[in-house]
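These are the structures, in structure tokens.
The same chain A turns up in both complexes below, where it pairs with chain B and then with chain C.
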Partner chain A sequence: MKKKVIVLLLTFAMVFIVAGCSSKDNNEGASESVVVIAMGSGFSTLDPGFMYEQNPTLVANACYETLFKFIDGSDEPQTSLAESYTFSDDGLALTIVLKEEATFASGNPVTSEDVKFSLNRTKNLKGNPSFIADTIKSIECPDESTVVINLTGQDSAILSKLGYASCSILDSKVVKENGGTDAEDANTTDTAQVYLDATSAGSGMYVLKSYTPDEEIILEKNENYWGTTTNVDKYIIKLQGDANTQMMGLSSGDIDIALNLTDDTIIELEGKENVKVQNESTKTVGFLMMNEDEKIGGPVANNKVQKAISYAIDYKGIQTICGTGSITPESIIQVGFMGSKGEKDVSTATDLVKAKELLKEAGYEDGFDIDLEMSELDMEGVPLLDLAQIVKEDLSEININVNIVQRDWVAGYGDDYRDGKMGMTIIYWGIDYNDPNVQLVFLPGQQVGLRANWKEKGYEDITKKYNDILAETDSSKRSQLLVEVQDMIEEDSPFVMLAQASCHIGYNSKLTGVNFSDTYRVDVTEINIQ
Partner chain B sequence: MERLRFIIKRFALLIVMLFGVATIVFVLTKLVPGDSAVANLSQRSLSDPKIVEAYKVKHGLDQPVIIQYFIHIKNVFKLDLGTSMRTNQSILYELKRCFPATIELATLAILLSTIFGIFFGIISAMKRNSIVDQIVRAISVLGVSIPSFWFALIMLYVFYYKLQILPGPGRLSASFSAPVAVTGFYMIDSLIEGDFLKFIDALKHLILPASVLAAFTMGLITRTTRSNLLDVMSTDYIRTAKAKGLSKVSVIVSHALGNALIPVLTVIGLGFGNLLGGMVLVETIFNWPGLGQFAYNSVKSLDYPGIIGVSLLIALNYMLINTVIDILYGTIDPRVRCK
Partner chain C sequence: MIRSIIKLMKSNYLFTLGCFICLCWILAAIFADFIAPYGPITQDLSIRLNSPSLEHLFGTDNFGRDIFSRVIYGGRYSLLAGCVTVLLAGTIGSIYGAIAGYLGGVVDDIMMRLSEMILSFPSLILAMCINAALGSSLFNTMFALVIVAWPTYARLMRSVVLTVKENEYVEAARALGASKWRVLITEIIPNSVGSVLIMATTDLGNQILMFSTLSFLGLGSAPPTPEWGMMVSDGVNYFNKFWVAGFPGLAILTMAVGSNFIGDGLRDLMDPKLRKEF
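== the complex of A and B ==
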């Protein structure tokens, strides 16, 4: 009997080995109309009402449409479901006429009631992306194809906000049938997330066929799509964020687009005939923050010390850590946004002599000791602690002895950072929506400014300029105002912008239209197979 | 009858232990410094007290801790483990989704480690102090000491990237859609669907992660089998069997192995328990959507219901495995049953 059992078990093991060592998979990813994408997970829902992480915006952009959209890498929103729009003279009402031909995957037409439902739902769910509708006071639907969005105040970024994934327009009939509501108590009464995690209810080029968390997402062509389509019938999105396995999959042809490659892995891909690589800078920016309150910041509360520190940092070294494609913006608005002051010239930005002079003027000729409080977070895969090490080394050149203090994000760091209790730290800021106005939080009296205790008092002229920017809906004029406000803060800012994180994308050369996008990661509605 | 009474007693004890685990895990999650809202809300949302308040109300975090505890215990006994703060799905749904993937992988891993571990252990004991013994012992030490994440990457690099004889990460190739979930085990569900190619594909995807996971337990089983077999081989009844003229293989298989395997059973059981609860790294590298990944994500986002759900499940696994091992002890060795 025992012999039989052993023989059986050994036979079973042999079957495993033989089955395993048979020929390579016949991969559908290499066939004509299916594209396989590998991207990181780290998100938990595909319901646009709760969506705020970067990766799922790729899916939202495929399955849903927004009133406005960023097309072909443009940083200005173009009409999408909106046919046309006008602002009222006081800038407090935005009237949008919808495209009549637009329909949802269900066949229902896209109406003004769907727009009202979708935006109100996002606002009332009180989830992470609800802030996007903060400036929306009310929504009116004079007729089926006209929407009037009344604003709480002038908001020059409203078109960009309406292009954000969480402002995707949902098929209200379908969502309501499945537990959705846009009522004020939606945060406790809406139950549509389970439905929207399993399927989509949008008007996009694709429909969500299945979503297995941490494993894969399958998108199939929307048979009722009302617009022009590409020749890709199906997307299989593998939720595999490891750069090495993405590189291996891309090399072997198992996947067609790898979204999370690193400097190391792109070296492995060099010379591969069927693979193309893009190294781009993202709009996620890492920065050094120094507290303006002397009781908290100590010496770094001094503007001259802050300036000295900005001259002591080796920005080239920071960029090396952040990877190929990383750049350093000259001021608070990243390169790629309108109103940006462009890229910092890293060959001249570091000036130790000037830094030492400034320290001497500030009364710290012999330097000082300072804590640099750091969390365990990473910026697009780069640990912030690595940046801290570079800054520590750089500041030692001007006799500033940095002591790196590690703290857990959820166990106090996050609270202290938000409450303005940190003397000096390095953290990052990812854009909430694709508009330069998101960076105005770095101004005195604004959200991030206050984290450095940089208060409005004494900077009323900057606040006025801030309000002018919010009110200015003309792009070229707003761009000019943005440059001006950055000039105004140049001497006093307690922030040193270190680098815009890089992003490495690899893709099969049979594909066209693959371009990194901060808003959608890659816009799958622009990809074709050659 | 005696055995039935033993089993009933063990299962009654299991309920009491689960209550204890539920209490300890709840207390520990509350003692750990950290704020679930900070972990799950964006920086911008955290600056809005209304959103933070809505989050706490939604997840019952606005209640006093003692009330939260009583609600938690009541729900556990109603088999309602609550809703994940991270995914907004019911914890039971999440466990049901993740657990089959883990069991499927852990079962193959334990099967491989048992087969090869016992086999190598026997060979090593039979060829004591020979070159074969030295090689086997080196392999078992390597299996125990090699870091699993590194081994996983090496295995992928060699068998998937370079040799291209085994598939890469995931449970299925891109050319196959997931089978309709009946059991959650892809191999079984694909057979139920009648798709043999999908079955083979699912099997092939199991080989690399299962081999990586099997390495550690195989090393332990090899060492335990070898040392126990050597102990048993020096006993009087084995000497008697040899004196009766039985062949070496017959002595080992028919007389020595049964007794030598009793401690091995414990190693196998605990190894299986470890595999069910602790394969975060391997699951991450092989993109295996199992319990390890769910546990990791739950801890990372301080998803209290998720952490408690996984802990209870892992504790339950250990208790069940220990109960089964105790029963098996009695089957292998009647003296244990009598005691």
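== the complex of A and C ==
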């Protein structure tokens, strides 16, 4: 009995000791200015050379810098590490002069060799984001602060591409010491990912202190930062994407910035004094795709049927489901990009009479049955299946009986979609880099166009326009060309743009400079504590 | 039999309650077209996520659909899936078990090891795998449930048959010159089927739960089908709007509890030790 009592007391003692330790940890750091961010995960590396998903770009933007940057949500890239740039007359060479004062967190200066190393490494790693460097033929370094990028062909989006997270400039000396290489065989010989997952090697305002996948990222102020800094010393990024958890954390003050709220959780935050919310439309766009091949698409391969369907959809309903802040672009280029045809007027976009007329012309007066194949994916928190249910209801108005078929993304849907074997589906498209040219994949013969079996044959004039756009480096002329190419597909396109998803973010009102950005989620280098 | 059931209803109020609940759901499902005030998939986005009111007894969901109507219609799918699964699994399992038990020897060994192979998998995981492989639809979900459920019936039937086949009337039938199969069909199966029936009533609730679980996980019929499990999973995103998941959840609960009460009551009726009480 005595023994038992002693054991019991010892156990209690241990529990108290452990509890004491953990409460001490919690108080630590109260004097520093710390900002806690909650965001979704879905990525497994912070090495810029492998960075492809949207969430980690927040970290890349904090720890690294790129040659060009998108400031204040603008879609015009501004110089960042670059001081100035010039294109050669044929548009095939881009000469960039670097800022002399820029240094890495290690103290090394940012040189042209670092730029060459970083871009070549991204290209040669042959990872998901390597396509970004596809148009880069070679890189020369005439002197320490000048880089010449030779292109394989004219590329009017090259400045935007150089602002993409995976084009971050790495400290080549540090990365090479830790197994990094930019050689052609980097995909097999480069071993720096382990190092870059544990710490960063950039010139950004923050340094990566620790990264626990699917759990937490800690960033601390770069003591050697060469530019002007904000007053936030430390960021704790919790990888917790659940909207309800984020909402509760934000209202209790445990979280300062919540990036994945939904329309319904944001209502709960209304009227709370210490919380501000933002509903911004993103450039992630949900669209209905119909296969141009009659063997696969059946009736929806018919151009008139496609047009009829676009008239039958209730875009307002779609926007209601996508949440406050979502909008429908008029054509394939989203609102917010130059060359966009603007927002669709949802009050006049639906016209059932016209839709029925078009169906009649196409020979489907009595409608038809069609499968709508759907995956389980969601677009910024909105299940695509929800959009499918709206479309089903809308199309029943013009006697098209939609049968929703659920398929798993990994168990075949993904492959069939990419191989153009899907008759009709609703899916979303997130931009790879912040440039309207990225949307040209929706043209016949291009990446997404081919997924609808929309081939180049018969649309040679569109392809010509496409090449003109790639070659045009003057912004206003390019903008004009972009509008023209969208006019060309106005009457004939297998895609119906449904909505640009909205992003709901909430933050503590003590912070200033919190703004949603498609490229960086939020630009943490702009945030200050009041 | 009917007399003893009425007797049972008088003495066992849980059994009566179970019968009442199940009857309500069955009638609601059959006469859904007359009871439900709105169509189960009719959307009205202007009234989405409204709380329960006189116009919408159970409130409305994300698409402004009337949850009361959806719950009423939803009974059709759950009851259909539950009954079909139990019927098929019960029939297949009983015949399989009866053959194994009656023939005995090597045949019994092989047949029972085969069924134990299925039993050794966690049933929900196995059903999910089958469903995912075949693609999700109402039919495939029922198929998956049958595959998972029949071995339990086979085992039960086999153990009952093992005792029944030792009875004298079986021997008598055989002595009169009845063939092996005739004895099995006319003597053994009718005398063993009682316990399977009881198990089937209890199992009905389990199968409805299992079906709801699968459709909660997105492995049932495709939306906008008003299926209870799927409605609960829709409601998970609106946890501060209790009625979206709450009412379909309540429907699953009552249906499962109701059929369990019936099963329990029937077992009491069949149990010779307890039967004297009636």
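We take it that the second predicted complex is superposed on the first by the 499 of 530 C-alpha atoms of A that agree within 3 Å, B and C clash if a C-alpha of one lies under 4 Å from a C-alpha of the other, contacts with A are read in each partner's own complex, and residues count from 1 in each chain.
Assume a contact is a pair of C-beta atoms (placed from the backbone, for glycine too) under 8 Å apart; a residue touches a chain by one contact, two chains touch by 3 or more.
Since this is a predicted model, take the numbers as computed values, not measurements.
Enquirer: Is A:183 in contact with chain B, with chain C, with both, or with neither (first, second, both, neither)?
Expert: neither
Enquirer: Once chain A of both complexes is superposed, is A:244 in touch with chain B (first), chain C (second), both, or neither?
Expert: A:244 contacts both chain B and chain C.
Enquirer: Identify the partner contact of A:376: answer first if only chain B is touched, second if only chain C is, both if each is, neither if none is.
Expert: Second partner only, chain C.
Enquirer: Touch test for A:408: chain B only (first), chain C only (second), both, or neither?
Expert: Both: A:408 reaches chain B and chain C.
Enquirer: Check the residue A:262 against both partner chains and state whether it touches chain B (first), chain C (second), both, or neither.
Expert: Only chain C; A:262 stays clear of chain B.
Enquirer: After superposition on the shared chain, which partner residues are touched by A:216: those of chain B (first), chain C (second), both, or neither?
Expert: A:216 sits against chain B, while chain C stays out of touch.
Enquirer: Taking the superposition as given, does A:390 touch the first partner, chain B, the second, chain C, both, or neither?
Expert: A:390 contacts chain C only, not chain B.
Enquirer: Regarding the shared-chain residue A:321, is it in contact with chain B (first), chain C (second), both, or neither?
Expert: A:321 sits against chain C, while chain B stays out of touch.
Enquirer: Identify which of chain B and chain C touches the larger number of residues of chain A.
Expert: B
Enquirer: Applying the document's definition of touch, where does A:198 land relative to chain B and chain C: first, second, both, or neither?
Expert: In the superposition, A:198 touches no partner, neither chain B nor chain C.
Enquirer: Could you tell me which stretches of chain A are touched by chain B in one complex and by chain C in the other?
Expert: Shared contact residues on chain A (touching chain B in one complex, chain C in the other): 244, 408, 411.
Enquirer: Can you tell me which positions in chain A touch chain C when the two form their complex?
Expert: On the chain A side, the touching residues are 243-244, 262, 264, 268, 316-317, 320-321, 374, 376, 385-386, 388-390, 392-393, 403-408, 411.
Enquirer: Touching chain A in the complex: which residues of chain C?
Expert: 41, 43, 45, 48-49, 62-63, 132-133, 135-136, 218, 222-224, 237-241
Enquirer: In the complex formed with chain B, which residues of chain A make contact?
Expert: Touching chain B from chain A are residues 2-3, 6, 9-10, 12-13, 16-17, 19-22, 24-29, 34, 36, 44-45, 50, 52, 126-128, 130-131, 187-188, 193-194, 197, 210, 212-216, 218, 236, 238-240, 242, 244-245, 248-249, 251-252, 254-255, 408-412, 414-415, 418, 429, 432, 447.
Enquirer: In their complex, what parts of chain B are in touch with chain A?
Expert: 32-36, 38-39, 41-48, 50-51, 54-55, 57-58, 84, 86-89, 97, 108, 111-112, 115-116, 153, 156-157, 160-161, 164-171, 173-175, 177-178, 200-201, 203-204, 207, 253-254, 257, 284-285, 287, 289, 293-294, 297, 302
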